[in-house]
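Consider the two complexes below, in which subunit A is the common component and subunit B and subunit C are the respective partners.
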Partner chain A sequence: MTAHTVRIAQRSRGRGLGRRVAAGFLYPLGLPFLLLVIWGVASTSSTNRFFPGPLTIFEAFRETWIGPAFVDDVLPSLYRLALGIAASIVIGIAAGTLIGLFQWLRELLEPLLEFFRAIPPPVLIPVVMLLLGITDTMKVVVIVSGAVWPILLNTIDGVRATDSVMSETADSFQITWWERLRFLVLPAASPRIMTGVRQGLSVALILMVISEMFASSAGLGYRIAYFQRNYLIAEMWSGILLLGLVGVLLAATFGVVERRVLRWYHGIREVNRA
Partner chain B sequence: MPDRSTLLRVEHLRKVYESTNGDVEAIGDISFTMRSGELVCIVGPSGCGKTTLLKCLAGLLRPTSGLVEMDGEPVTGPSPAMAVVFQEYGRSLYPWLTVRGNVELPLRHKRLSRQERDKLVSDAIEAVGLAHAARSHPWQLSGGMQQRVAIARAIAYQPEVLIMDEPFAAVDAQTRADLEDLVRELHANRKISVLFVTHDIDESVYLGERVLVLSASPTWVQEDLTVDLPPQRDQISTRALPRFTELRTHVYDQIQRAKRGQTVAP
Partner chain C sequence: MHVLSLRRPRSLRKVMLGVVGLTGFLVVWQLVPTLGLINSQYLPYVTDVFARLAEEFRDLAFWRRLGYTMTSWAIGLAVATAAAVVLGTIVGLVPFLRRATHTVVEFLRPIPSVALIPLAVLLFGIQMQAALLIIIYASFWQVFVQVIYGVADVDAVARDTARSFGLTRRERLSYLVLPTALPYLMTGVRLAAAVALILAITAEMVIGNPGLGRMIELSRSAGDAVGLYAFVVVTGLLGLVVNLVFRFIERRSLSWHQSVRGEEVL
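Up next is the complex of A and B:
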């Protein structure tokens, strides 16, 4: 173990500061910057008004989103997104664990799950709208109806794949049901669960936007659709930019949580690779 | 040693695996007793149902017929009086817990105060020589050290008997010798009874006070051999004793006979 740590530490120290800065900032930011420059050049030489230059868009971004729109449109959207993601994770893991643990439940529900999973969530919007009205609940329900599936199905698979020797160990030491869940089943399934959550996040973002485009008077999706209909092209692009930033932020947050939760998992992989 | 009371009693144990292609008789008819404080090794030819026997004893598998009694009580499921050390340490320890966490886990549902539990855990980790690695995760340790963690977990559980299923089959020879001495030491110092299943004949003679030689499947106890070597054993001098060689030759011979099916069930 010490041998590994030492070797890895030396390798990163040997790289030198300049190269580490290059790897940390220039590589990830270099290509976007290059694309922006190309875009800027292309838009100044073009007369197409649907593709404004990046500076125009940045200006629109500042004017549109920094100010009251942030409170009126961005925060409610983020709130619904967070609620939808949280509910998807809780429902997906809880239901997935139960379904994974009990075979009779799995046999009972499998055909039903296959059916519901196959329905594209956006078609549920009119139905949910009729049932719940144009409310926050409706939008959260729409987000959950799509984002819950990858989490649920991955949790089921993860729970089912609990190692037989680990289970026998728990049996032989008469570990209680809760301890088994907390210390064996859930951690063992956690790599699969995290895979499911990662997929669920992108679905949730898509459904947040779509649910707001359909029926809403506020929110990011509503704003973008509104700008588009009123030919506020730079503003529209700035909304898309903001959505992209939300996506990046979401992925970064997930990355931090994932590294913490799956530290053991990445550790094993690193040891096996070394 | 008449002062030792009967700990484990196995009578006419039989295990048949039912499958669609016909039944497989893994264990024919096994009977033996083990006294408190003994270190008994079980050897047999490969595929003789050693692991099946062990799982039946530990209450992880229901025998088809026969009786397993622990302290006079029939064993119907896993019991707090037994702790199992599995061969596959990599799959028996939980990689998301630290060494300490792994050793502590089985104690969580025991009615112990925080101090008592901590003391048991620290004590067990120290006894296997891993005090320095308590905060590490199992996958950061070598195979031999991982198996030490599994042993620490078993002794912290304070069982009356330690059941070990070919625990050192997957570690290298030098590590294996150290681990064998660790088992002898724990047995001597802590008066723990040990039931040690192995396919290694030398190991069985070196470790055991008694060696049970199993027949080929369907299994029965072919011989119950008392190992009359001095209790203080040492990898070099004990293995050099003429008596050691005699015993291992004898067991080896028995197993060869078992493989050829030259023995007759009682």
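Up next is the complex of A and C:
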């Protein structure tokens, strides 16, 4: 190989790298940037006061949420959200495993579960309010009462669909009940459980917002509704932005957890595909 | 024949157990206020709730409210599906667009649509458009994402074959892309139908445009527990009907597809 070809190879690799870096930035950031610019230009040239420019919104975001409001409104909301999600996951998986393991229990409860799943979750807010009054517990219960169903039903399906060869193998090795649960049933159901958890997360976020819009004097949902009623437009938009960020963070966190929990599963699928 | 005779006792048992479960639930519901575990002001007797339901079903005003809810549901779902199919097909077929829109989609999709309620109220007040904005936003993403996956899922060999046979763009769309993407699309539409119903009722509860959701909110603020529970049961039944109808449509429209055909053979 002559020095010339090496140089050409290096140069083209360098250019490839440069292009890859450019693509790495341009593709993810190009369109958002473009949209923000268009929004900014449109909002300065139009007189519609319901759509302030992005810079005004960012400014409002900094003033509204960074400071005491973060501790007073945002953290309690997120705390209730986390508590509700955790309770939904624990209840959903525990009850789902139990129901999934016993066929008679499943057949007994199936019509009921179908019905409860079909109830639009926000409708439960007034019911829970009536039963528990307007308290923090009520808001957590509201979140659980909506988010638990997808987790529960997916767990039931996952437990039920345990590979029969594996469960017969487990039988013939006479492993204990607990070992069976820990090493066979739950891992086999985990892809379905994670699907359920993902659906549950978005329901939980919706219920957190609405329960606060409905019955609260603090919290993220309350703040946004308050800004709207007082025509604090930029502040309202900053609240929508914050909720969007919470949603994105929740989805990203879930993605990381899912990859860890289901690493073996994705591995198997890739091997099967190859 | 043999299979049927084996199956019948099982499905009979299933139906029986299901009925027992349902009855048990209703009995427990009736007993809890009767025994005074929860005051009947907060958890009314199930018999009262059912009497109220029967009364509402005879009332024309009830059906009109149901009509409002289902109208905004249907319009919202139709607009969202149409927009998602067109945009999803375009974005899914062009790799450049798929990569360029990825971040925007991943940021916009997780925004809870209820966060847009204040904006919808500002823009449209308590009209149906306010509810539509939220319904469309939420159900659009369900369909859009599925369509993108579906369109991108076209088998490479089939695509190359279609190319070498010289199929036109239009033919490729209708014989190659559509059949591949249809199962995904139907899944998306089924999910979107459920989401659209949730948001149609939520919007009525929070915004106050007429419909079933508003009746729930009015019963709550009037302290009418019986009415509140009756309307909650109605929304549950409505959700059930929507689920069943769309599952049926999905099976019918995909009767040729492996996933449905495979089940029927068994």
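In the analysis below, the second predicted complex is superposed on the first by the 248 of 274 C-alpha atoms of A that agree within 3 Å, B and C clash if a C-alpha of one lies under 4 Å from a C-alpha of the other, contacts with A are read in each partner's own complex, and residues count from 1 in each chain.
As a working rule, a contact is a pair of C-beta atoms (placed from the backbone, for glycine too) under 8 Å apart; a residue touches a chain by one contact, two chains touch by 3 or more.
Being a predicted model, the structure only gives us computed values, none of them experimental.
Q: Considering only the touch criterion stated at the top, classify A:Leu181 as touching first (subunit B), second (subunit C), both, or neither.
A: In the superposition, A:Leu181 touches no partner, neither subunit B nor subunit C.
Q: Quick one: classify A:Asp171 as touching subunit B (first), subunit C (second), both or neither.
A: So A:Asp171 only meets subunit B here.
Q: Is A:Trp264 touching anything from subunit B or subunit C once the two structures are fitted on A? First, second, both or neither.
A: After superposing on A, A:Trp264 lies in contact with subunit B but is clear of subunit C.
Q: Between subunit B and subunit C, which makes contact with more of the residues in subunit A?
A: After superposition, C is the partner touching more of subunit A.
Q: Looking at A:Ala218, would you say it contacts subunit B, subunit C, both, or neither? Reply first, second, both or neither.
A: A:Ala218 contacts neither subunit B nor subunit C.
Q: Touching residues of subunit A toward subunit B in the complex: what are they?
A: It comes out as residues 1, 163-166, 168-169, 171-176, 179, 183-184, 187-188, 190, 264-265, 267-268, 271.
Q: For the complex, give me every residue of subunit B touching subunit A.
A: Residues in contact with subunit A: 58-60, 78-80, 82-84, 86, 88, 91-92, 94-97, 105-106, 108-109, 136-137, 139-142, 153, 157.
Q: Could you please specify the touching residues of subunit A with respect to subunit C in the complex?
A: 23, 27-32, 35, 50, 104, 107-112, 114-127, 129-131, 202, 205-206, 209-210, 213-214, 221, 224-225, 227-228, 231, 233, 236-237, 239-240, 243-244, 247-248, 250-251
Q: Which residues of subunit C touch subunit A in the complex?
A: 13-14, 17-22, 24-25, 38, 42-43, 99-104, 106-119, 121-123, 197-198, 201-202, 205-206, 213, 216-217, 219-220, 225, 228-229, 231-232, 235-240, 242-243
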